[in-house]
Structure formats: structure tokens, C-alpha cells
Amino acid sequence: MVQADVLIVGGGGAGCSAALHLAQRGVRVVLLERGLVGGQATGVNYGGVRQQGRDPAGLPLARKSREIWSRITELTGADVEFDPCGHLKLARSEADEAELLRWNALAEEYGLRPRMIGRNAIRERHPYFSDVVVAGSLMEEDGSANPRLLAPALARAARAAGAEIREHHAVTSLAHDGRQFEVVAKETRFTAPWLLNCAGFWGGEIAARFGEPVPIEKLHPNMLVTEPLPYFLRESLGVVGGDLYLRQIPRGNVIFGGGRGESDAGITRTRPRPDAAFGAMRRAIAVIPRLADAMVIRSWTGTDGELPDHFPVLGPSATTPGLLHAFGFCGEGFQTGPGVGAVLSDLVMDGATDVPLGAFDIGRFTAAQIAV
Amino acid sequence: MTATRLVDQDRPALIFRVDGVEVPAKQGDTLLTAMLTAGLGHVRTSEFGDGGRAGFCWMGACQDCWVVVAGQGVRRACTTLVEPGIEVIRR
Amino acid sequence: MKAVVVGAGPAGIRAVEQLVRAGVTPIWIDEAPDGGGRITQRPPAGFSRGASALYGADSGRARRLHATLDALKPRTDWRPDTLVWNIRPEDRVLHTLTNGAAQDEVQYDALILCTGAMDRVLPLPGWTLPGVTSLGGAQVALKSQGVGVGANPVLIGTGPLLWLTALQYAKAGAKPAAVLDTTDLLTKARFGAGMLWNLPTLLRGMGLYAQLKLRGVKLYEDITPLAIEGVNGVTAVHWRDAAWKEHVTPCDAVAMGWGLKPEAQLADLAGVPFDYDGTQQNWVPRKDAAGRSPVAGVYLAGDGAGIGGVDVAELGGARAALALLADAHLPSDMALTHHLDGRLRTERRFRAALEQAFPYPARLAARMDDSTSVCRCEVITAGELRRAAAADAPEMNRAKAFSRVGMGRCQGRLCGTPAAAVLARELQVEVPEVGRLRGQPPVKPVPLQQVD
């Protein structure tokens, strides 16, 4: 039997960051990961470190996380290729442009400084855009990082700080005896007064196990990458409506996505979908015609959890003392992962956090939503 | 590299262009054969600074001989036959 | 009954032959314009060499296969110049790209994958230089184009293809500068006895060796390749002989190959599990003796299902088709099925001996210098791969995620085998323990631009 102060289930960005933040505060923390850390949504997403376009209710969390991204190299002792290259959200119609203006005004109330780039300026600064693009909003402090590196880097740092990171430890049972949690993984019993549910899409099963089911659905973002092309694009791009996101890494490959992949019933295998890929390819060429000559060399998808209001479940359980949920990040968890770990650490150690979590409360779903 | 015409070379001659320069070839040549027997040395340049590349597997597997053919897009030189007058651009 | 056969080499031809014989009209897809596969590849129109000049001892086989191929094409839905780049096995759909431009979908009830093989390589310093090709590439250049990759190439590797290619080059008028075999004579002799299961092929191999000696081609055994020298192209090969003496052999090209590995990407995308075959030192898709994979409706044959050579490809192609027919409760030739099963059993024993006689030099790969590019697409060095291992990469896909090895255009076709050897040694585990690079669509690059 292994006794800890805090058990974490799930080694994505949130779980690994929580392990690191708690270990730094001297807590005995054990993280249980079914496969390898960062093997699911954190490891195979687009790699956007983006605040832009988020619902205002999510901005305080995104801001807190962005502050951690600024010192991610010092925090992890590793280069996770974080690049504050800016996130440029494109308008493809006047209605889109109005939407950008609306969000920019809201964002300023949260201390963000997005900048509108008008019709002429965008043509001048980005001559490779087609006429489809009518304007853009630039969040200079947004950017990107290498998703394959984040969770392993956080986990290594957590380990160095004293956390136990147990990979290939699939949880086979979970229980709470009124005082402590008992979790069995790889035929070993783990006990602790705190349990952090950072299990991504599968976090829904854990919540249900403690009597609070949520209406979570699988989300498989469909992504592609081109061969290396001459470097021309610094900013990470999005569009109003969200059906295309695209960035170029300094090595030259253009990473882009849009639409959804698929999985079999047990999610033993996820697959990108060619129809989604074709859609993203068409939209990418429509915005950047020079991509018509490029080749796609790889495509992939991953598994995240999605909730009806597009917010995650983040905060204390309504049924079980000592249980904290952090799952269902709706495809937007890569940027917030480091911040979520800090929030969880604050909740365990201080009983409070400076990030408002009301919108993320597990009790917000109606009985009808849950029944579906 | 220079590939060497050894046997079965009694085929009609033709001309195509590589990077704007006229290059002789024979009907039935692949782009890779035509470019390497004509002494062009390489068919693409590695994106990562380690020089020219001239294909490797000659059978469509290694993906190391992509060129641009005007009007056709990106093509594997080893599996694309040369045609009179086509324009090849090396990347 | 919608049957689809991918590949028109020896396995695909024999598979389609049995399907057509049973009254099934398959969709038949091949990447080449004219089918024929690799060993019996035909030159494009306009070349004039006859079968005996092109295929030597295999000319009879080539003539028979080509005759069958040409007779079958009109009796099938023949789709040449077509790449299958993805499979969605749950919906039994293939995604195809024709002439490098036109996308299409193909539905199937049953699918026979006859996707062939490619050379297994050993990255060396300088192996990305123009003038370095795979051994199979050097052979294709001569067979299908009448050109040599050089006039004085050095051929490095091991296996029958090494000798065969050298002899073909010598006969075509090139002067191979040297043939460098990494296997010692003792290993070849020890396992040679096992090849008595296929005496004609064994004798052919010995004949090749004798002819090369007669022609004065310099053959060296038990050598260690050190580096390929050159600036804009190959100028020499550095190597060490069995007595540890170093040599520099001037040359204008290098062809390298150590046996073959299956081109099994489609089986992978179809969800077929893979097992490590320690004898052939390859990961191979799982199938039963008849060619049935564990994925319903998916059958495997030829070298793409595990290296077996051309005899096994022909036998296995026919056998897989008969399995498909039997599974679909269509009439199938029971006597032929029985005959094929017997022959395949004998061939397996021969093949095991052959693989052991010409092993992949995993030890050399594992020790490659830190500065050698193990992944030629992304130009990732062995040192970078070793650093990935140090950053806690216990298996190949994690090492890929950290280092980008295998992330390039070829998707690890070339670097997968040597990179696994490097990683395994770094982690001090056996090669199978580091696993294999998982396949991702597209099987080969596809253009962003869609053409309808």
C-alpha cells in the first residue's frame, strides 16, 4: 500500500502541473497514468497557447496559465518550444469582423490587449493571405508550444521535486471511506485524503463513480501537417467560427486542423477522418493560396472531453470531500493545463484560488442534460 | 551524382526544362533518371542544411525526390515520366 | 461481393487470378502505371530489352506473371497509378489518390493487401549524399531505366540481392568498385544447409557468387562500413575488413541494403496487430498460414505480410484469395488449397535459413556515431535520438515524439529499423521491447489541393 497526501489520476498537462505545484510545496503526491504521460489530448493537440476567443468566464484561468507559460522553461527545466509568436484570428466576412470587435472589447475588461488589424494593414503585413481575409485580431502574447513535450517536461520536473509519477498504472478501482480515498492501480493500493480527477474524457467515468455524472462527449480534433515549407508565417492563426487553425513551426512544417476525427466504441483507436481533412485543406488554401502546392505528410487526432456549454469541469466535487475535478477541457486544455495544476494546488493547500470557477462547477448541469 | 546510361538507351530524344534550363532526356526516362543522367547532380535540396538530395530508393518509398512540375504540382521524380517541354522546378 | 486487391506484384497477380477464376470481379489497385511489382517490374513503353535480359533466371516467371497480369486486367476493375493512402476499417473504405491528384473512395467487403517490401538500411555518415541509393533502387534503375546509379558503384549490405545487383551491374557494363558484405562466411555457411529446402534457389545464390568472382568483382566479407565520403556527391567509401584494417575505396555511387522490410502501412492502418519476427528481424502484420489477418475481411500476402520472397508471394497471394473465397462461401479449389499449404510450409523453412544466413547488422546500427543522421527526412542524428532516450523515452513512438525521428515524409520507412536498434541499445533492452513506429495516414504524402 502506498500512502500519499494527494492522488492524481491522469497524466496530462493539468495532472502533471498539479503534481509539480504540489510537490514544490512539499506534498506527498502520487500521479497515476494509464499509459505514458501526455499520451492523450495534451500530447497530440494543435499546440496553441491561446487566450484569444475564449469565453470571458474562462479568461481569468487562461490569464493565470499564460503567466505560468512565461516561466515554463524555468518551471520545468526543459525547452517545450513555447513561442509567444502571437495569435491572429481572421475575419472572413463583415459579420466576422464585428465578432472580433465584440470580443476585443470584452477582453479588454479582463486586462487583455488584442489589436484589430484592418483590411489594408492585414494585406500589407500578410501578403500571402487571399482576399477571403478581411481583417484580423492579434493577441501578441498568445503563441504556441510543442504538445509532445509539455506533459513529459512537467512530469520530469514534478519527479525531481519529489512527486511519484507512475506510468502504465491504469486505475482499476476507486473508493472513498469517508476519510480517505483508496485507489487500486496495477494491483497496488494507493490511499490519500485528496483525489484529483485529471482524467480528460475519462474523467466523466470517475465523476460518475462518485455519484455525479456529467454529460460529457468524446471530442477528436482532426489535425494535419505538411512537409517543411520555406518559413513565412510567424503567427498562429485561427478563424471566426473555428473551422480552421493553422501555424508554421520554424522548421517549416505547417500544422493545421479543423473538423473532427473518429474513434471506435471503446476508444482503443482514434483515427483522423479524410472528409474532415479535405475540409481543412480547402479552407487552408482559401486563406493561404500558396499552400495549394504543399503536401500533407501526416494526420492524426486525439481524445478530449466536451461538455454542452463548452466549459470544463473544474473545482470541488459536490458529493465527496477531498475530491477535485479537472477534466473535459473541450479542446482548449493545452493552454490552461499549467494554470489548472496551479489552481488545484491552491485548492488543496489553501482551500481557495484567485481564479473564479463558478462557470466550471460540476453541479451546473440539468437532470435532462445528464440523462442524455 | 551522375547516373550512367548503360543499356536499352535507343529511344527517341526529347527536351524538357529544369529551373528554366533546357535538359536532354529520352522517352521513357523518369524525371529522376533524366535529371541525374544529364549531370544535374541533385533533384532537391534538404530543408535542414545538409545539402542536395538525389532520391534514394527509386521506387516511390523514401519520398526523397519530390520536385515541382509546372501545372502538375509536386511529383516524385522517380515515379514520374518525363514529357517533352515540361518544366521542372527544384525545391 | 466487393473484393479489392491492393498491389499487382507476384502476390497480387496470383490473388486476382484465383478471384477471377471463382467468378469474382475485384477492384485491383496498383501505384504503378502497368503493375508487375518490383522483382518483375516492367520498363515503361519504348524500352526494348527482352525478358531474359531484364529478369535473368527469373525471366520465365516474369513472362508468366506478365501474361497473367495482362489477361486479368480487363476482367477486373483495374485502377493503375493509384495510391491507397488510408483505410477506415470500421466502414470498410479505402481512400485513393490517382495520378497524384484525384481523390476517391473505394468500398470493400474483403480486401487483400499485397503491398510489397523495401530495402532495410544502415545509416552511415554521408548516406544522404547524392549518389547513395538503396540496393533495390540501384536494381530498379538498371531494370526499369537501363541506367546505373553510377559507373563504379560500391555495393554494401548482405543477402542474395547484394550479389545479384552486383552481377547485373557488371553484365550491363558498369564496373562495381567493390561488393562489401557485412556477414561473415561462417554465418552464411552455417545456415546455408537449411536452404536445401529450396535447392534451386540455393544453387542460384551460389552461382551468383561464383560468377562475380569469375568476373573479377572484388568481394569482401565480414566488413564494417565506416563512412561515405563526398561533397556534392559520393567519391569514396571508408570501410574496415575482417582483420580490422581500414580501406578507402573510390567510387561514384553507393548502393546499400540489408534484406527487406514489409511495406505494411496499410495493414497497420487497417488495425492488424503486429508481432516481432526475430528470424527476419522485422515487425510483421499478424496473419494465419492462409493469409487471414485478425481483422475481419482483411487478408495479407506477399512480402508486405512478412518477407518471404517471390515464390512465397505467388503461393501466398493465391492462398489468401482462396481463404477469402472460402470465408465468403464461394466455390474455391480445395485441391489447390491443400497443395499451396504444403508448399508454403516448405518455403517457410527455407526462408528462415536465408534470413539467418544474412542478418541485419543491428549491432552496427546501434553503435552508429552520434553525428550520423538516422532519419534522413528530418535530418535527426543518432545523438538526438539518444538524448530522447535519456529524456525517458521507453519506446519508439515516444522517442519519435521527443526527437522527430520518423516524423518526416517517409514516416519512418527508412529510419524505423536502425532507430529501434539505437534506442534499444541506449535503454539496454532487446530490440522488440522498444516497439515500432505506429503508422499514420497518409501512407504517402498527398497534395493539399483537391482535384475532382
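In this document, chain identifiers A, B and C correspond to the written order of the chains, with residue numbering beginning at 1 in each.
Definition applied: a contact is a pair of C-beta atoms (placed from the backbone, for glycine too) under 8 Å apart; a residue touches a chain by one contact, two chains touch by 3 or more.
The model shown is predicted, which means the values in this text are computed figures rather than measured ones.
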Request  = Report the chain closest to the protein's overall CA mean, measuring from each chain's own CA mean.
outcome  = C
Ask   = By mean C-alpha coordinates, which chain is most distant from subunit A?
value = B
Request  = Could you compare the number of C-beta pairs in contact for A-B with that for B-C and name the larger?
outcome  = B-C
Rounded Å distance, subunit A centre to subunit C centre (Cα mean) = 41
Message = With centres defined as the mean C-alpha position, give me the subunit A-subunit B separation in Å.
response = 45
Task = Measure off the straight-line distance from the CA centroid of subunit B to the CA centroid of subunit C, and report it in whole Å.
result = 23
Message = If a residue has to touch 2 or more other chains to count, which residues of subunit B qualify?
response = 48, 63, 66, 73-74
Sequence positions of subunit A contacting 2 or more other chains = 227, 251, 292-295, 297
Query = Which residues does subunit C have that touch at least 2 chains other than itself?
reply = 378, 408-409, 445, 447, 449
Task = Name, in rising order, each residue of subunit A that touches subunit B in their complex.
result = 227-228, 251-252, 292-295, 297
Interface residues, subunit C side, partner subunit B - complex = 31-32, 38, 43-49, 53, 100-101, 118-119, 128-134, 136-138, 140-142, 145-151, 169, 172-174, 232-234, 252-253, 263, 373, 376-379, 408-410, 413-414, 444-445, 447, 449
Ask   = Which bits of subunit B are touching subunit A when the two form their complex?
value = 47-48, 63, 66, 68, 73-74
Remark   = Contacts from subunit A onto subunit C in the complex sit at residues 36, 43, 78, 148-149, 152, 156, 226-227, 251, 262, 264, 269, 271-274, 278, 281-282, 284-285, 291-300
Request  = Would you tell me which residues of subunit B are touching subunit C in their complex?
outcome  = 1-12, 26-30, 33, 36-37, 41-42, 46, 48-64, 66, 72-76, 79-81
